[in-house]
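Please go over the structures that come below.
Consider the two complexes below, in which chain A is the common component and chain B and chain C are the respective partners.
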Partner chain A sequence: MAINTNTTKRSRERDQATQKKIHALAEQIARKILAGRDPVLEIPTRTRSNTNWNKKRGILEMGDATSERPLFDLKTAKQFMQTMLHASTIKELIEAEKTSSLRGVFYKAKHTVAGTKENTFDTQDESDPILEDLEVSLGALREELHVFAENRGAMVGNITLIDKGDQIDCRRMGSGGYALPSIVEPDVIQFGKCEAKFVLHVEKGTVWNRFNEDRFWEKHNCILTHGAGQPPRGCRRLLQRLNKELGLPIICVLDADPWGHYIYSVIKQGSISLAFESTRLAIPDAKFLGIRAKDYKECDLGDAVKIDLTENDIKRAKEIAAYPWFEGHKGWQKEIDLLLKNGFKMEVESLITKDISYVTEQYVPQRLKAKDWLD
Partner chain B sequence: MSQSENAAEAMARKQRDISVSEFFAKNRHLLGFDNPRKALLTTVKEAVDNSLDACEEAKILPDIAVVIEDLQPDRPATAKSSRYRVTIVDNGPGIVRKQVENIFGRLLYGSKFHRLKMSRGQQGIGISAAGMYGLITTGRPMAIVTKPKANASAHHIELAMNTKTNRAEVTEDKETKDFPPDRFRQLGPGTRALAEQGVFLPAAAFPTGTAVSVELEGRYQKGKGSVDEFLELTAIANPHARIVFVPPTRVSADDDDTPLATRSQAASATTATVTTETNGVTLFPRAVEELPPETKEIQPHPKGVELGTLLQMVREYADTEKGSLYNFLQERFCRVSPQTAAAFCDKVGVTSRTWASSVEPPTVEKLFKEFETAKLAPPPTDCLAPIGVRQLLAGMLKGVRAEFYAASSREADVYRGRPFTIEAAIAFGGDLAADESARVIRFANRVPLLFQQGACSSFKAVVETSWKNYGLAQPRGGLPVGPLVIMIHMASVWVPFTSESKEAIADYDEIRKEMKLALMECGRKLGTYLKKRQRMKREGERRDVFERYIGEIAKALNAITGEDAKRIFDALLKQAKSKTAVADQVLDEDGKVVKDEPIDEEGVIVVTEAMARGATEESDSAPIDMDAEAEPSPSSSAPAASKAAKSPQKRGARSRSDDTGGLFVD
Partner chain C sequence: MAINTNTTKRSRERDQATQKKIHALAEQIARKILAGRDPVLEIPTRTRSNTNWNKKRGILEMGDATSERPLFDLKTAKQFMQTMLHASTIKELIEAEKTSSLRGVFYKAKHTVAGTKENTFDTQDESDPILEDLEVSLGALREELHVFAENRGAMVGNITLIDKGDQIDCRRMGSGGYALPSIVEPDVIQFGKCEAKFVLHVEKGTVWNRFNEDRFWEKHNCILTHGAGQPPRGCRRLLQRLNKELGLPIICVLDADPWGHYIYSVIKQGSISLAFESTRLAIPDAKFLGIRAKDYKECDLGDAVKIDLTENDIKRAKEIAAYPWFEGHKGWQKEIDLLLKNGFKMEVESLITKDISYVTEQYVPQRLKAKDWLD
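For the complex of A and B:
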């Protein structure tokens, strides 16, 4: 297939570029060591202080600050070693033209340090951030490093995809939907025929099931996705591509609580830890359809839907209200004010108290029609 | 009326002198003969104190042998006590023949009671009381062999004390050539071995001297308050003395021996200045070669005298000197100048010519009150002979196997017109138990105080010192916890004891304050040392961490770049070593602290061998070899440890041995 050979060639070139970057990093460290100088890794800082809000582009961007990771410092010695180990693991993966899961990379690099009982890595929680460090310091994305995450999230709707050359008809996905892979770059997934006019992204699989069972995407000619809570990179990237390449609006149905607001914020502007990927992930014109704090009254919901805000929720809500992209946004300030005033949060599932299909048959259609959303 | 007169007369017939000896025979607990075990200790203690005092007064380096012989070795195992013969042989000046009865046969006879001079015994009741106790319990007289002249024969005298007359009766009096008695050298393999080495009763070291033997009912048992402990502590406070202890062959059951020093079992003990044991015989070697400075006798200070004493002093002066009160004040007190004396006379309303004999008690009382408020220079302090920092360290080093030693000797101060000096020393780490309360060892005028610790001012001073500041744990209101021995010494012309048994120092603010200052000084030194040790340990751990990872890094870099892993490893190892150079202070080839960075404190000894040993115990991770071709990890203290194993006698050098050639910090 023409597409296939093309993508293979493209992958090769990409791999060579990545190898070069890894080699350059290691070479520079080795030279320092042999010259008797301190081996220090420079790693772009993935912290809030090094994350800037680009108002014009409407996304979070990573700043220029880097942090030093010297070997001869007790705090960073182990991380230094781990970074080197992962660099060599990645090199091996690319050489072998294989990909590996995050967990696989963890196991690949995990062993006891010679002569001790200490492990190079104890848990995957130690390993994953080191990979992210490598991504940012090499300027290479995860898929360029041949590393992928678990599939998470699902999709159905009026669209056909080509995934590694296989045609995927998302209209015929049964009850389970198409599982979203972690790597959805154009060389892996291409878009085929698409009639859908927008994407409805819901927070969780349970809600997604409701919409799928009610064939919502068929009735309203759309694509239906969920990201199993905080959507992973694969899900966000695919939404962004649908938005950018096919011009589909992304409309989110999330819980009326700080967590839901945060998910929306990440989909829209990107996150701090992945700010270096915002250009690929953020969807500045994503819309927040609901549920809204006002819905308790507007939809005439019963007391059963209320879940009291915890101290932490209140703190979190205030933090979100202070995000630069929400700060000057009257709609969002009102939304969060009302949430705090109500003193309770609501889940999408709670709309079932009205009727099993209230959410798919009345709530969402009405709001879509009225274009009643926040953006 | 006549009837009561008769009664009074009848009573008068019964009233008679009680001899002092008779009184003490009935109240022997006052002198420390409460029970058989303590009686044995007190006998040894009084004799050893006397010997040390005599030697020092005659400017002889003391060489003392303490021999306890079990005279009933076949007694049943259940026997609570046994008959012992305690003999103390010294190389002192000896005693002239005509004084023997007075010194050994009378209570309260001696040169020490009447003067204000720093000496071990103060009341002069000790040795004769021991003889009397022996006589009461065994009926056997005290035997004295004394040799006052180097080229003449010795006197052998046996004395039985008459408790009614306070006089001794001589039961045996002959001349002998056998001094020091050869019999003791032949007691057993231990004594024979030490005699052959010339450290046990060498004839050359005993041109003069005295051997006192008391047979008594006693109980020999090790542990707290034992003869062993007493001698051990005496050796610490008297590093200039050589003491050999020959214990009885049979020891009472429920033996509880916790010596400060784990004694090395070695035949070649002669060269080392640490306590050693040979076939049961303990040798406390001489650690310093000079005598304590000679002390001067001083007149009492006006502020240190009591009213009764003052009255008596005035009367005595009037009788013997027949002089004026003005002269009395100047002659019988220190720090009273003619002007001060005149001022005193003026204030109590007498002239400078008023005879002492015409001064009435009310005037004396007035004088006494004037003393209280007068501004006087403190008494002279040259009457004190502190042990000294160097000697304190030598004593501790010899008797306590630790890793770190610090000592401090305070300037003299005054309580109630009496000068005193406080000294403190601490030993830390090494073989001492780490999880127990610190052991406090107390001394007054170089004499160990074995009982009533809680009542002692020094104990309170230790508890009140904040040891947490120096890196030690300390429960509220308690002793610090850790591998620590704390020594406190009070030197004074008159040590205020809480009771006649002389076991605890009375709690005067001035004394306690000085004690705390001395302890703080030692504590600071310890704190500095512990911080340094901590740092060395931390650097060692840091190096461990770095060395652990550089092998992995070398491999990874090799896999990516193809650069030689060994070259990278070596370059990294070099950097790791230079970055943690502090750790090398214990890790260089001799296992000694590196010369250019000694613990720059006075009065401190660090035994590096113990430190190296401590370091091995503390680090639970085994030394690491990065890979087969790499050098063995330098974090192993194996060189130091193996060296120590080869020469158990050599306690390692301390930080400054190199410039002085000696073993101690000056």
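For the complex of A and C:
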């Protein structure tokens, strides 16, 4: 492994900062106990009602509401213990300079409490929210807690990355590409030389293949990414870093359906469940290039591209139209209106009905040139 | 793009061979029509009853049964038309030197038949099997028909790949790795320098992260792959090529449950639905290193690793034990017996209960040294 002293230093500093927070949490509990008072955890509330839309910043934010988690309360005693157990696992992970999956952390803490038949955790469903509680309580991203989710998505284009000291030349990654890791914080991944002027983010690997095969990123000097559907945190965080640190516009090519609109919404404003991380995940100026409801007429598409909206699609479309960040947005209101009026959705892949490379050679280049997108 | 003349030549030769097959199919139909006879397609049967276990070769094979698909029969007329449509799309893809996804091919052929309200295809579920029919009829892999499935899985290790002319040094792929493409045929991917002595294939990306973070492939001179669950065709085909062309043993680390056993079975012998491709996908000497049912005792694991077998697990385990290739295999019969006797399954990730890196530093190295695996 190539050793990068700066990276190692940055990692250590980050880890020390996180360790301090864990120590502070433990100390606060220990002090209360030593003083003869009941130990209580104060956990910020991760609910819809405690999520605010910050119009000025263009992101979802978590409010100030918190809830108490006392040890000496039958309702919360178990969660108190679970929170402490996970904090201890994280301390161990950081000390060992290792990371673990969500499932690994669950297993690490899972055991039968001595002298009882009670398990600390029964399923991972109990474990993941406790980790999120720790993220918000400590004010540290899961990545800073050394915990990763699944790896998903890929990348090619006119940029060099340094990943754990290895130079990744994304201009020379063949047909496969660079597999996006789950943890992409600056101590793991740094940006090297970058000629790219923007990022084209597509929904699916199959669409990404079309763009990569046609070497779109070379012809249009960009970076090409996909997140295999709803992009995982690693992919979103990397897109945000490319946007914030390198100033690259993030331009999305997603399906013309409520699912595509929702993916865009999450990339742009963040999600309710991860509102506490919007500042590090959301990209308020991300653009939605297409597929647009108007494309059926504008691109003279045939009936083959139509997929009828289901009851659920219609319900979802209306919900999305009522999101505060779409509500006052004329372009988006028109977009969703037309989707509902059309009565059908369209997938990016359906553009093949025009020509195999219509999407890479005509559709996207024309829209880019005209700056014809929603933002 | 680096131009590799040999690769281009190889691609052309492959494509010409496939085109010849498509022409031959079309000619045969045209001749029948011109001779005033009924056009009929002869399609090899892809069913369990036409799948044979070739004990000597150690793979599943397709039998000789075929079924007729006449145009002038109400039951088969639509499928006849669909087969011709897809053959035509494939011809077009090959001529354009482009590839498409399964969904793309579906869209390409989907339209309303002129003068009727009948669609050529209504859903992709109708389309995919027709493509498989063409694969077996033409004796050409889907990859040779220029059609790809999803990309899934990643790779790092002591090998250099050449992917569309780009050198991919898998020793320097950081934390993310090389994303496995869907088409890995020799005209797309060639093997460069390889020091690795074997391939360690793990089930999930999260486990792969543990092995990559601990640089297992460097310490044990191997290649590290995962297929994000049941490995897709691209991953299986690449593993088979590494095994056949470079002589590397494929050693699998999967969960101790019927799903893990099934994944191994498919990697090793092939699957019923793709039996016609076993010779190009199956790896008869692939090894199952673990997790083993005996590990609960042998590794002194705690109760935290136990996940109760469900009714369905028990049913699946018995089905797998009855597979002809497991039926006569003492080791596998013992393995499945013990799994059922234990009454619980175990995941690779549960080994974290011993130590964060127990799996990479003790479990796998010890089993490798002792050659303690099932094959």
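Please note the rule applied: the second predicted complex is superposed on the first by the 337 of 375 C-alpha atoms of A that agree within 3 Å, B and C clash if a C-alpha of one lies under 4 Å from a C-alpha of the other, contacts with A are read in each partner's own complex, and residues count from 1 in each chain.
Convention: contacts are C-beta pairs under 8 Å (C-beta built on N, C-alpha and C of every residue); 3 or more make two chains touch, one makes a residue touch a chain.
The model shown is predicted, which means the values in this text are computed figures rather than measured ones.
Visitor: Between chain C and chain B, which one touches more residues of chain A when both complexes sit on the common chain A?
Guide: C
Visitor: For A:E150, is the partner it touches chain B (first), chain C (second), both, or none of the two (neither)?
Guide: After superposition on chain A, A:E150 lies in contact with chain C alone.
Visitor: Between chain B (first) and chain C (second), which, if any, makes contact with A:G104: first, second, both or neither?
Guide: second
Visitor: If you stack the two complexes on chain A, which partner ends up touching A:E327: first (chain B), second (chain C), both, or neither?
Guide: Touch status of A:E327: no partner.
Visitor: Quick check on the superposed pair: does A:F72 touch chain B, chain C, both, or neither? Answer first, second, both or neither.
Guide: In the superposition, A:F72 touches chain B alone.
Visitor: Figure out whether A:E95 sits in contact with chain B (first) or chain C (second), or with both, or with neither.
Guide: Once the two structures are laid over each other on A, A:E95 reaches no partner at all.
Visitor: Once the shared chain is lined up, is A:G115 touching chain B (first), chain C (second), both, or neither of them?
Guide: Touch partner of A:G115: chain B, not chain C.
Visitor: Touching A:E347 in the superposition: chain B (first), chain C (second), both, neither?
Guide: In the superposed model, A:E347 contacts chain C only, not chain B.
Visitor: Applying the touch criterion given at the start, work out whether A:E319 contacts chain B, chain C, both or neither, answering first, second, both or neither.
Guide: neither
Visitor: Counting only touches as set out at the top, which of chain B and chain C does A:V188 meet: first, second, both, neither?
Guide: Second partner only, chain C.
Visitor: Hey, what residues of chain A end up touching chain B and chain C alike?
Guide: 92
Visitor: So in the complex, which bits of chain A are touching chain B?
Guide: 22-23, 26-27, 29-30, 33-34, 36, 38-39, 71-72, 74, 77-78, 80-81, 84-85, 87-88, 91-92, 113-116, 118, 120
Visitor: For chain B, which residues count as touching chain A in their complex?
Guide: Those residues of chain B that touch chain A are 542, 545-546, 548-553, 555-557, 559-561, 563, 567-568, 571-572, 574-576, 579, 621, 624-627.
Visitor: Which residues, counting only chain C, touch chain A once they are in their complex?
Guide: 1-2, 92-93, 96, 98-104, 107-108, 110-112, 148, 150-152, 154, 161-168, 172-183, 188-189, 204-210, 213-215, 218, 228, 302-305, 347, 349-350, 352-353, 356-357
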